[in-house]
Amino acid sequence: MRFAGSHVLSISQFDRAAVEQLFSVADAMRPFAHREQMTRVLDGAILGSMFFEPSTRTRISFGSAFNLLGGEVRETTGFEHSAIAKGESLYDTARVLSGYSDIIVMRHPEDGSVAEFAAASRVPVINGGDGANEHPSQALLDLYTIRLELAGRSRGLDGLRIAMVGDLRYGRTVHSLSKLLSLFTGLQISLVSPEALRMPAEVVDELRSAGHQVLETEALEAGIADVDIVYSTRIQEERFASREEADIYRGRFRLNQSVYTANCEPNTVIMHPLPRDSREGARELDVDLNDNPNLAIFRQSDNGVVIRMALFALILDVADQVEKHSGPVNWFTERRF
Amino acid sequence: MRFAGSHVLSISQFDRAAVEQLFSVADAMRPFAHREQMTRVLDGAILGSMFFEPSTRTRISFGSAFNLLGGEVRETTGFEHSAIAKGESLYDTARVLSGYSDIIVMRHPEDGSVAEFAAASRVPVINGGDGANEHPSQALLDLYTIRLELAGRSRGLDGLRIAMVGDLRYGRTVHSLSKLLSLFTGLQISLVSPEALRMPAEVVDELRSAGHQVLETEALEAGIADVDIVYSTRIQEERFASREEADIYRGRFRLNQSVYTANCEPNTVIMHPLPRDSREGARELDVDLNDNPNLAIFRQSDNGVVIRMALFALILDVADQVEKHSGPVNWFTERRF
Amino acid sequence: MRFAGSHVLSISQFDRAAVEQLFSVADAMRPFAHREQMTRVLDGAILGSMFFEPSTRTRISFGSAFNLLGGEVRETTGFEHSAIAKGESLYDTARVLSGYSDIIVMRHPEDGSVAEFAAASRVPVINGGDGANEHPSQALLDLYTIRLELAGRSRGLDGLRIAMVGDLRYGRTVHSLSKLLSLFTGLQISLVSPEALRMPAEVVDELRSAGHQVLETEALEAGIADVDIVYSTRIQEERFASREEADIYRGRFRLNQSVYTANCEPNTVIMHPLPRDSREGARELDVDLNDNPNLAIFRQSDNGVVIRMALFALILDVADQVEKHSGPVNWFTERRF
């Protein structure tokens, strides 16, 4: 994969070399994301942030990443009511909007819409989520987080032991992450879900074809023993016949500190795509885990900024100029935790 | 007209010298809009983008234009619910908001509201559209596009042959464009519309008083022969007694490739204020024209950024400093088409 | 109070030294707010502007203040629908959003929500209004305005004579301003309101405990005689049994030019938190005061930008570097009034 000038629409564009190139650039972005330095490498460039479906944190994560590189952001949130109502095609919308910026990140409620838009765009487009279809930067930040969390341990992405827990049938993030994991070798993967919410067979097949060991189970305790990573996801009420049935399953797949202590290895890392449901009755990740140093969910979110900086730097072909345009940070930057 | 510090509220402020001054500055802005260079001439300046009525593309076009000059944009989209609900006058709103920026672009659903706001504003205000009244930057970008498209041909703005097609009665853009065309000499103008949607008599009179030849017709084929420009507009269903009647008229005024080939000169330029209606049954400009190199509708939209840069540069009196604050562009800028 | 790295959540954090430090920095910000110079001291820094309740002018005032210091703004307006609907806690929202910026200003409809958010935030948080609770920058800009308006007169903040008029019971701004006034000495305070809308007893007690003279009255004429400042507020219809009753009271507490001339000292300064209600029947401050040079309401709003610049500069610890990163302003900056 050649990044410069490319659209990033799907995780399937990435081979192992592209992932490693991206992560290497992401590593170089970290001092800038952490405010140890600043850079103006994209001074004068404009990001078009086109969120035709609201998603505050994805939108702001992309926008902040672009600002951290020195660029400006012009954005829209919600539907282009007037133009859509007047019957404008996605082709026309793309031709017009791509005249306003150097690169576009777009989110849209319909599957395939971002690819259709990208085909008519005159500038590179990053898919920020198109319905149930793809959200590639989420899967990339998940994988990058795994790599960072395991750094310094004996096991890396090759040989990784990971459990995915919860709604594996409808969860877009676990499907995309599985595709990325297929690029590596020798994984042990536990898929922990209610029978009704099992991982789709084609995803399981792809993992097995890649040579990985895959265990499917309904037993949380067995599934999360002997793994490096537990990747938890929401189980949504509307997937079940009744609220009562949903509650039974949510109770059985809930991870809290006592379940963690009883079953996990001492350093098992806990991840989640966020937002997590912290209401009574839901709590796929209990709030009593908040002080557990292996709870990586907020580091995951922070890594999203780093990965998005790396995507911008590679697509706009400035990765090797970031340092040259850098300078000191002179304001208060001490983080509280 | 003196631009520095002035409001731009109406096309009627512009005489021929002002139009030519604006276009000359716009020409100088093109290398910056096309990312051949960047400039920081407005570094530190703030645009207040006050869209009390949504219009994604006008808003982003103005915002990108200001960013391209190095300035920042603070904006609002939608009504100031709380202040309006609490009975605040437009006078007070203007006095307050004009303390937050160096220049304001404002869109508002009510005719005359932007002029009322400007009268109380302490900084220059550009009208970004006030109801059915005015949207001066649209007419200016249309005229600038005509000038650019005809550059290198024997005919310029003087002596221009142009057809305006569709809803000429309610179309704000064709009224404003006609006013601008009155500033030039020796035009041949075909006005092609259903009887019920004819150009208002006072606009026609103004064109004739300026010495132009004006032909009004219901026949598309005759109207678009022997012209340099076809400027097409939407015919909206709600202007007719029934959908069936609307469809008959929309069919008769539709331009597609075969109508173009059969009737137009080989280089006739096709324009449209956008958005165009690409749904079956509408299609005032058929999608089969998309590969026609004379379809100028997206170049028109691109020229909007250039014209808005020129307005900002002139009103804020930095047109002659743009070059001095310029620098190289170091990121990927290759456009796809 | 130490500003660097602190949250600013409540006016009760401020002692007299902190207020004076803030005002001294605000004075240094004025040439930048007035476009006599520009500064890039926060070049590379990001403000997260999180308005979970709309407030156009507070949001833009904070955003412009940050831009004037050279920083970027990423913002959200309205609720984070998806995350809230999915049951995310304010704790999680804060942990995530505080990874996107160097400082956050937040507005939220619920009392105490901003403090709860701040407790989990990894970066400093400024309260931009949490329900009926606090909006500290408003009270600070009010006090700063009083100080500026009285500069050059024999009386300053110590010894100030001030009347507060209107709804003193529910008005958040007069409560907070009163708390700040308690930090100074020897004030004479007239509280002018309908019986039903009297200042809460604890606020009056606090003023008296600080040694100030407090007069409570229903008589506007007596209340506004012999004062340096009249601070007027809205009387809202919904506080009364009927519209008729509301109108009676609104009529009795209305300040206009003839009431002003008949009762006030010639230089009495008129203030209001804005927006004021300019509809017939309301008009707590009549529009016939608009040409009165002592009407300070728009200077008040302008001072909001200056105070917010000072808060940012102190919290991010760059107040003494602003000048070093400054430069000339090269665009048109002449204000109309």
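In this document, chain identifiers A, B and C correspond to the written order of the chains, with residue numbering beginning at 1 in each.
FYI, a residue touches a chain if its C-beta (ideal position, glycine included) is under 8 Å from a C-beta of that chain, and two chains touch if they have at least 3 such contacts.
What you see is a predicted model; the values in this text were computed from it and never measured.
Rotating subunit B by 120 degrees superposes its CA atoms on those of subunit C, with the angle stated to the nearest 5. In the contact between subunit A and subunit B, the residue numbers used by both copies make up under half of all numbers at that interface. Between the CA-based centres of subunit A and subunit B the separation comes to 40 Å, rounded to the whole angstrom.
Subunit B has residues 72 in contact with two or more other chains. Contact residues of subunit A toward subunit C in the complex are 35, 38-40, 54-57, 59-61, 63-64, 67-68, 70, 72-73, 234, 274-279, 282, 287, 290, 298, 301-302, 305, 327, 329-337.
Across the interface of their complex, subunit C is touched by residues 4-5, 41-46, 48, 72, 74, 76, 80-83, 86-89, 91-93, 95-97, 99-102, 121-124, 315-318, 321 of subunit B.
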